[in-house]
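Lettered A, B and C in written order, each chain numbered from 1.
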Amino acid sequence: MENRKAGKRMRLLKTYAPLYLLTIPGLLYLLINNYLPMLGLVIAFKDVNFSKGILGSDWIGFKNFEYLFKTSDAYVITRNTILYNSAFIVLNLIVAVGVAILLNEIRSKLMARFYQSVVLLPYLISMVIVSYLGYAVLSMDTGFLNKTVLPLFGMDEIAWYNEPKYWPYILTFIHTWKGAGFLCVVYLAAIIGIDQEYYEAATLDGASKRQQIRSITLPLIAPVITMMTLLAIGRIFYSDFGLFYQVPMDSGSLFNATNVIDTYVYRGLMQLGDIGMSSAAGMYQSLVGFVLVLLSNYVVRKFNRENALF
Amino acid sequence: MNASKKWLALLLIVCLSVLAACSSNNSSSGGSSASSPSAGSQPSSGESGEAYELNVAFPIFGAVPSNMPEVEKAISDIAKEKIGATVKLTPISIGAWSQQSNLMLTSNEKVDLIYVSGTSFTGMVSKGQLLALDDLLGEHGPDIVATFDPEFLKATAINGKTYAVPSNKEMAVDYGLSILKRYIDKYKIDPTSIKTLDDLDGLFKTIKDGESDLPAILVPQSAGISFLASHRWFDPLGDSIGVLPDFGGGLTVANLYESSEYAAFVKKMREWYQAGYIMKDSATNKDNGNALILAGKGIARLSNLKPGYERQTSLEYQEPATVISLTQAYATTSSVASVNWGIPYSAKNPEKSMRFLNLMYGDTEIINLFDWGIEGKDYVKKSENIIAYPEGVDATTVAYNLNLGWMFGNQLKSYIFEGEDPDLWKKMAEYNANAVRSPALGFSFDASPVKTEYAAVTNVINQYALPLETGSVDPDKILPEFIAKLKSSGIEKIIAEKQKQLDEWKRQNG
Amino acid sequence: MNHNREARAWQWGGHTVLLIYSAACILPFLLLFASSFTDDKVIMQSGYSFFPEKFSLDAYRYLWNESTDILRSYGITILITVAGTAFSLAMTSMLGYPISRRDLPYRHPLAFYVFFTMLFNGGLVPTYFVYTQVFDLKNTLAALLIPGLLLNGFNVLLMRTFFMTTIPPAILESAKIDGAGEIRIFYKIVLPLSLPILATIGLFQGIAYWNDWFNGLIYITNPKLFSLQNILNRIMLDIQFLSTDPALSAQASGSMDLPTASFRMAIVVIGVVPILLAYPFFQKYFVKGIAIGAVKG
């Protein structure tokens, strides 16, 4: 019995050995680049002192984590981080899938290529530059809105960088504008990969475009959508630092609307420069994301095992 | 299940083996650095044989000058002859500095001498990144010791041990206004009649009324800096979280933001802002004050003054400037120890590091190589200590343009540029000697016992200080909110800790 | 008839939406481009504008003065981008394909091993320690190529999902029956069928390498090894630094030349234009029906 089993295992291994061989460089790289440095997470529980060495430093339990919770801002930063990211996930999904489907429908090759290049443009510009562009529009003294648009409607100047109430919309807009192009290309690649025969058959059966999209395109790119969404959920406690730090120009008056975990950590540790506390923040963010992903993946598995990530 | 368990096991084994490798690596390098001081003190490793290469790391504010290798070579030649060591300069762009220097120290890379900024000094000491220098200073740093008033050298001591050496430059600072001179002339203003911040009201009003086209008068000194940073009446005790409210001699730490002086200051800023004296975008500005003035966004800024400032500003404004001092010159730990040099804990040959540092305070040749580059190429001598650009070379084309005299050791021994006051360094020495000294001069605060509160309070200050101190928001509404939030974030705990450390410091320093 | 009208409606609607969307993407970019040709004082006085009040080539002239550094950094960036993208595509597909195979034993744990790396990371300090102390990469070209960028879990999973959904298992079966080995199948059948995803990931990796400044910031101190983005980003970081250390920036205000507004824009332009030029190369593979054609042929 044991022998047969071992024999079968040997055969299996032989069949699949070439495939496992293919994975080796990638797995090795992840080991070095990602898994090895994870050992450094012990720093989060240490009071690092270099004269004692990292491993020799004193253990201090969860003290490095305290500053994330023992502050009156804890609620604001957690709320902002989650709400923004949730909005981003939903909006990105709608916009990116929508644009990808439209792009796929465009018949003119030239225009299709033009659109495809253009949607990616915002993705190529760094957030610092986006912040300058935003400033060009929103500045008190010289901004396009205050100097050109608002006077047209006979409205008074608005101190954009002092008024938190506008910023949830501004940030959401900028994020979608900047990120949707990238996701759109991902979805487009998936849509392009769909076998054309499905559509040909559907057209013959007299299905309308809407029906085709609903019953062919969307189901077939569902795995990609699921994956992208799960990934976004996994990073729900992280936020785009540039978006929340650079774009509002680090303006204190806006913190209630713009302060997220990453910016809070950055500002809090600017002077202290404590690597224990910064790795504690990273660990907290990862852990929450990890739990959320496991949960959502579990839910996805319930509905459709194929679409689940693992 | 079985499969994943196996994977985990494998992973664990690999990780453990690496951990073992890492830790042995760590301990070995730690061991060698611990033993190095004794090795260094043996004369056998001295001048004879292969010269030791010192890696000197410091930040620069722009691109690496093209002539850097030549300067490095010239410094090395002198150092080799005098102390048997060569020098490798590692300039790092200031934007990358804090990250790169931190990583270099963290992973025990070879650095022998390192620039230490006043803001990161205590943090580096409490993290154990710097070597205590007292013995080395006594043995190998005679020129350093001779350079300083002992009270100034103590500014970089923590718990009685010196961990860094400040650069010798202006050790104090007075605060005032630097304004385009043509406006002072045009409105026939007598600069000597202006003595306080309140006196500026009249000046600003006259100019504003006369120049309706002017978008504003006052611009910030630089990106992200409030006007309070250039107008101080208190000793910030490092970080302005808990300050000495005046220089009268008392050692009671107080909350700056609750004080009536602070309230009056932000109220004044608000008045100015509403009267149109202050640039509207001050709180979100991303440009240098000089550039703003050159572009006509304003005509003046509050500034940190020192001897020779008028000429420096006139060069920056590209037209004559008038400088009006509004405070006395104060010497605090922050002003003395703003720019320092330290020896990393992991330095392999601290003795050589110290001996080279000593040259940076005593050897005129080395100082001027750092400050001005190669004679004949980057500058020519006009007289004993006056220099100028060589023919056909100017500030924009010179091959060595660091302009960091205030960083490299003893600036008071560097040459003076033509057009500058030839007695500048004499005046500087007097300025330093006559400055009002804070009773807490020499005290440095270690925030690590209260770091939880510190992170929270830093955030609150980031949120409120800049808008308030640039007049962008209404202090009647925002200041009470600010104070309340500071309290709920634990500022009182930080102040109590600071008081405790200050009392302890006082006890030690009598 | 009905179908024709519907199709036309889709075309019209599609063009309208996409044109508006494109405008939103292009206009800011044009603004940036125009600003790089605007006189600095004008920008500071009246802000950015599509139509320069005062045309100026100063920013580009300044860049030209630094052309030896800039050209060298272009060279390094191109080298790293090409090599990095090639290695990265190879490794990503080699890892993505096996775990896409539904019949592969242990494929779920393997996928999890990949996925886990996307959620947790050890942080900067340990990573730096590994690459400088365990592998001596500081101040080498490899430091621009390897850390963080070479392979990321996201791309692997993207590739896996693509293989799973678009490569019909039947094709693999029939190839196997014809006697082809696994590796041969991978190269001769799977990869050619996957050009759209290879082009997508190639594009992403290309952009990631082109735009990367972080590795340079961390691992490179030798100016001879600076990549283009490295030079550009250092300038931006210098500005950000100013607000973090008021005392030092007051001290350094005389020594520090902040780049002017038009210069900041010009360096963005010279950084982005090459990507735009390279884009059509990737786009070539974004063609519908390529998969099906390959199978039939």
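The working rule: a residue touches a chain if its C-beta (ideal position, glycine included) is under 8 Å from a C-beta of that chain, and two chains touch if they have at least 3 such contacts.
Since the structure is predicted, the reported quantities are computational estimates derived from the model, not experimental observations.
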Worksheet, complete the sentence: Per the touch definition, the chains contacting both chain A and chain C are B
Worksheet item: Of all chains present, which has the mean Cα position farthest from that of chain C?
Response: B
Discussion item. On a C-alpha centroid basis, what's the spacing between chain A and chain C, in Å?
Written reply: 15
Discussion item. Need the CA-centroid distance for the pair chain A / chain B, whole Å please.
Written reply: 38
Item to complete: Name the residues of chain B that each touch 2 or more other chains.
Response: 11, 18, 22, 98, 106, 119, 215, 224, 286, 297
Discussion item. Quick check on chain A: which residues sit in contact with 2+ other chains?
Written reply: 35-36, 38-39, 132, 139, 141-142, 250, 270, 275
Item to complete: At least two other chains touched by the same residue of chain C: list those residues.
Response: 45, 105, 108, 110, 112-113, 125, 129, 134, 233, 236, 243-244, 261
Response to the item:
Per the touch rule above, chain A residues touching chain B in the complex are 31, 35-36, 38-39, 47-56, 63, 66-67, 70-73, 132, 135, 139-142, 159, 161-162, 249-253, 255, 259, 264-265, 267-275, 277
Practice prompt. Sort out for me which residues of chain A touch chain C in the complex.
Written response: 12, 15-16, 18-23, 25-27, 29-30, 32-41, 43, 98-99, 102-107, 111, 113-126, 128-130, 132-133, 136, 139, 141-144, 147, 177, 181-182, 185-186, 188-190, 192-197, 203, 206, 208-209, 220-221, 223-224, 227, 231, 234-235, 250, 270, 275, 278-279, 282-283, 286, 289-290, 293, 306, 309-310
Fill in: Complex contacts: residues of chain C adjacent to chain B
40-41, 44-45, 66, 69, 105-106, 108-110, 112-113, 124-125, 128-129, 132-134, 138, 217-218, 221, 223, 233-258, 260-261
Worksheet item: Which of the residues in chain C come into contact with chain A in the complex?
Response: 3, 6-7, 10-11, 13-15, 17-18, 21-22, 24-26, 28-29, 31-32, 35, 45-48, 91-92, 94-95, 97-99, 101, 104-105, 108, 110-115, 117-123, 125-127, 129-130, 134-135, 146-148, 150-151, 153-154, 156-158, 161-162, 164-166, 181-183, 186, 196-197, 199-200, 203-204, 207, 211, 233, 236, 243-244, 261, 264-265, 268, 272, 275-276, 279-280, 283, 286-292
Fill in: Residue ranges of chain B in contact with chain C within the complex
3-4, 7, 11, 18, 21-22, 25, 61-64, 90, 92-100, 103, 106-109, 117-119, 215, 221-226, 229-230, 286-292, 294-297, 303-304, 312, 315-316, 334, 338-339, 402-404, 406
